[in-house]
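Letters A, B and C name the chains as they come in the text, with residue numbers starting at 1 for each one.
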Amino acid sequence: MSQNIENIVKCRDVSVYYGENKAINSVSIGIEKKSITAFIGPSGCGKSTFLRTINRMNDTIEHCKIEGSVIVDGQDIYDPSVDVVPLRAKVGMVFQKPNPFPKSIYENVAYGPRIHGLASSKSELDEIVEKALKGAGLWNEARDRLNESGTGLSGGQQQRLCIARTIAVEPQIILMDEPCSALDPIATSKIEDLMSELAKEYTIIIVTHSMQQAARVSQKTAYFHLGNLIEYGDTKEIFVRPKDSQTEAYISGKIG
Amino acid sequence: MLLTTYIIIIITGCSLFFIGRNKIVSISKAEDKRPHSLYIYYGFFPAILGIAPSLVLLSLWIGFDDVIFNQMLKNRFPNNLIIDGNQTVLILIAKIQNIASGIIVGKPEQWVISLAEKLIVWRGYSNIMIAISSILLSVTLGYFSLTKIKIEFRARIAVEKLMMIGLVVCSLIAIITTIGIVFSVIFESLRFFRLIPPLEFLTGLTWNPEFEGAARAGSDQAGLSSYGSIPLFVGTFLISIIALSVSVPVGLLSAIYLSEYASKKVRGIFKPMLEVLAGVPTVVYGFFAALTIAPFFRQTGSLIGLDVASESALAAGFVMGIMIIPFVSSLSDDVISAVPQSLRDAALGLGSTKSESIKKVVLPAALPGIVASIILAVSRAVGETMIVVMAAGLAANLSINPLDAVTTVTAQIVTILVGDQEFESAKTLSAFALALTLIVITLILNFFALQIVKKYKEQYE
Amino acid sequence: MAQTRTEKIVIDSLKARGKKERNFRLFGVSAIALAVIFLAILLVSIVSKGAPGFFQYYAIFEVELTRERLDPRGDMSDQSLFEGQAKKIINEAVLEFTGAKNRSEKKAARSLLSNGSDVRLVEFVKNNTDKLDTMQKIKFALDDDADSYFRGFIKKETPEKQRRLSDIEISYLDKMKKEGLISYEVSDYLFFGSASRNAEMAGIKGAFIGSMFTLAICFIISFPIGVATAVYLEEFAPKNKFTELIEININNLAAVPSVVFGILGLAIFINLFGMPRSIPLVGGMVLALMTLPTIIISSRAAIRAVPPSIRDGALGIGASPMQATFHHVVPLAIPGMLTGTIIGMAQALGETAPLLMIGMVAFIVDIPGSVTDPGTVLPVQIFMWADFAERMFIQKTSAAIIILLLFLMIMNGGAVWLRRKLERRW
């Protein structure tokens, strides 16, 4: 494992069970602050499941059990005293399929700040919304149609709206679960540019099935296979000189 | 007689089956060729043709012979007969029919007896005629279909065509029923509106169909009783509102809890329990309302100094509300469950509490469906009959005080139409006018609800 | 681990939001609790009222079954037994026991046993011809007021003017009790009696048989038509205006209040076709039209649940569409269709309003022997009894309700069982 200055997320021996099935097998990993980390691997390898343990989105699934410790920003998030609400405000998530609320663009972005009470006035809320939309690179397209429904946007715009919705809460970490898998190449490249931009302020963890995407955007890459973390290191290293034969096989297209 | 005819037709059909089948077997042997279809189809073809049309003819005849006889009887009534309150055409016909079936009450007039004797004779002729003609039809069609049987006759296709006709006819029953409902209601309603102007019916403030006296069709004394339906609609409205204020909060919150919070196990226990409420017959609810809830409200009312009528809108509405809970909860549950998980994930992923995600994301998304479920609940409440008949009373008070006794459209329909009635009187006919408005209201509600659900479904498909 | 602004605000807001969350959850739980409590109150109130309705008080009297008095013609025919002096024999036994002397005392003594006691005696004689000319102890039902006295609804403490039993009557009843003549047993009248104005003699047999006839007619009509309609609409109907019209019709019929079907029956079957009132045949036809939409809708769902691959498989080996449907699709869909049909039948069994319109509310003592005999059905019987003020009728009504609910439970349970048992998962 590479040495790093500050790991904002530290996982030790994390295993995840769905009922009887073990989906993640004793994974330990540290995630660097303000960088982009990519989780890659064949479908069904558990990378999405693992991503969802970082902000406890797995809680919504019945019969899902987690062992080991996940420490985010110095706090064990599976400690019984932890409230998921501030955790998820701190660790935001962008999903595979764009899922804007069936409300206006403005209301979509304002939702997070509203429920958390981040804005004390209407003008402050306007500011947050504007900032978030700008941060997600959607402001120019959306400024004149803030009151139109978020579901009326194109797929790429919807996903950027979801990103804006996430950053409006000002999280520290953003989890992205294959955010481009439902998008066309042009929309994908826009999101990828946006990610690099966001990495200046946020820690980003992205799950992707596209190795090229991982190579393009991430600094670190973790390769998962059948619930195991096979290899983790600098993206360049992994793609050029994989240490593990399974990783090499996947990268060169033999499995997947 | 008729039963024998039925049996003869069925026996004819069965024999046609075997004759047809044997015929094709022997033809096929003689010509040493395989027929187009399986052997049994050559049996089914004549059997179906032999049975189905004559059974239809028989049943129609039985249904309609009285219609014709009644007309014939009417034409033979003495010219000097006075048709008034005590002697309407229908009563006279019923009298004649009774005498014909051997029930003689009192001393009927001579002409009535002679008509009854005529009726017996007609019935006899009619039965013989129908027996002969339906058996004849069966045999003719059977013979005709047997002549069609040849080696190249495509029996399966013919049989399937006949079956298809059967299927289409069955699916027409739904339409025929609707037509039946519409016609039975509209004709009588029109007759009612000839006696009572529609405006008076729709805007009148007093409903008092009782004092009929001599107010009959054709006479001009219909003014004695009044047919203003406003009190009935106000009563219906009042009871529905009470019912909804019980069922909507309880049903909706239960649905939310069961679909969003409850574990599979809890859901598996309580969902069926709620549905039990929908399976209890309405007459049981009526009994419960009249014997348990109404006295309870009355006593509680007197404790705190309120005068609650022994048959109050509150008791009927409250119990109706309990009955409607599962209608609200199960449809709301469906629409809430249909909200995509991704929306919940998005809200939770931003750090919403569960209740925030439900209140701000799930419920707004499910709103159209919830509205539809409430509309359907309204339509249920408006159409509910037994609870109001047994617990709300029959006094047509124009009141919006839930502690008063009120009456509803359905309760009036039942009271007017139960027992013997004369189809000439405005009182009887008024029930049909009420039914017409009831149908129109429920169909409009149903239409809107279905429209909303359809739109809602499209949104998430 | 510096706290960002967001973190600080979020953590500060937690307390209030947690409270809201708990409150919301509490609302949900209390809504369900309320619904369950309503259900519990409903069932408890009916069961507690109805359980005593399954029992009633009887008095055992020894009577002499003199042949000449009971069977004056000596041929044991109904006519002869009817002309006999059964009533007188019973009254003599009661009078002897009570020792009633004057007119009013005699009247009081005679009123204690049920009006139907002579019928009971005659029945006994009919079934036990060998016991004629002997003394026999026979159980007679008490009159409903006497019954109410033993149940404690009529109290001795109440002033005589205000109760339905006189002091003499009460003293006779006390005497019977003291001498061990009174027994509290399962009411045979409830199960084998028919409609009666006398509460102690009222039973559900007639209504029950009427319900069975009505339900049978309803099933015979609605099941084949419902299934045929579903098959046509799902498998063969072209998508056009006409089939759309049929579908709209079915949906609308499902929404029409049941009382309207009663009006249809009254106006079309009885008034236009001249069918008799009060007969299970007409009742069944009306209920069939009412349950048709339920059956069609559930049958269509059952057909739709059969995967197209099965149909395609049959068509692929050269079956005609009709053969594929009736040999493969329909047999697989039958469990689902039956489930829907049972639920529809359960609805029909509990339905009251439309049957009131077609005259099934008439007071009919005879037990119907066929679908064209006048009769009534269980829910209507309950409705009629609910109108009577006698205490005992309330109990009998509740008992009848319990029986009706039991049948509904069995039917619905059967539907659930059938669904679980025969359901296939593809």
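Annotations for the structure displayed:
Convention: a contact is a pair of C-beta atoms (placed from the backbone, for glycine too) under 8 Å apart; a residue touches a chain by one contact, two chains touch by 3 or more.
Computed from a predicted structure; not experimentally measured.
For the interfaces A-B and B-C, the C-beta contact count is higher for B-C. Averaging C-alpha coordinates per chain and comparing to chain A, the farthest chain turns out to be C.
Relative to the centroid of all protein Cα atoms, the closest per-chain Cα centroid is that of B. Distance between chain A and chain C, defined via averaged C-alpha coordinates, is recorded as 62 Å.
A straight line joining the Cα centres of chain A and chain B is 57 Å long.
The centroid of the Cα atoms in chain B and the matching centroid in chain C are 20 Å apart.
Of all residues in chain B, those that touch two or more other chains are 351, 353, 356.
Counting only residues that touch two or more partner chains, chain C has 10, 17-18. Looking at chain A, residues 85-86, 89-90, 115-116, 169 sit in touch with two or more other chains.
The residues of chain C lying in touch with chain A in their complex are 1, 4-7, 9-11, 13-14, 17-18. Looking at the complex, you find that chain B touches chain C at residues 63-64, 66-67, 69-70, 97, 156-157, 160, 163-164, 166-168, 170-175, 177-178, 180-181, 184-185, 188, 249-254, 256-258, 260-261, 270, 273-274, 276-277, 279-288, 290-292, 322, 325, 329, 351, 353-356, 358-359, 376, 379, 382-386, 389-390, 410, 413-414, 417-419, 423, 431-432, 435, 438-439, 442-443, 445-446, 450. Chain contact summary for the complex, chain A toward chain C: residues 73-75, 83, 85-86, 89-90, 115-118, 169-172.
Contact residues on chain A toward chain B in their complex (touch as defined above): 55, 57, 60, 62, 84-90, 92-95, 97, 99-103, 111-112, 114-116, 162, 165-166, 169. Within the complex formed with chain A, the residues of chain B that make contact are 263-264, 340-353, 356, 360-361, 364-365, 459.
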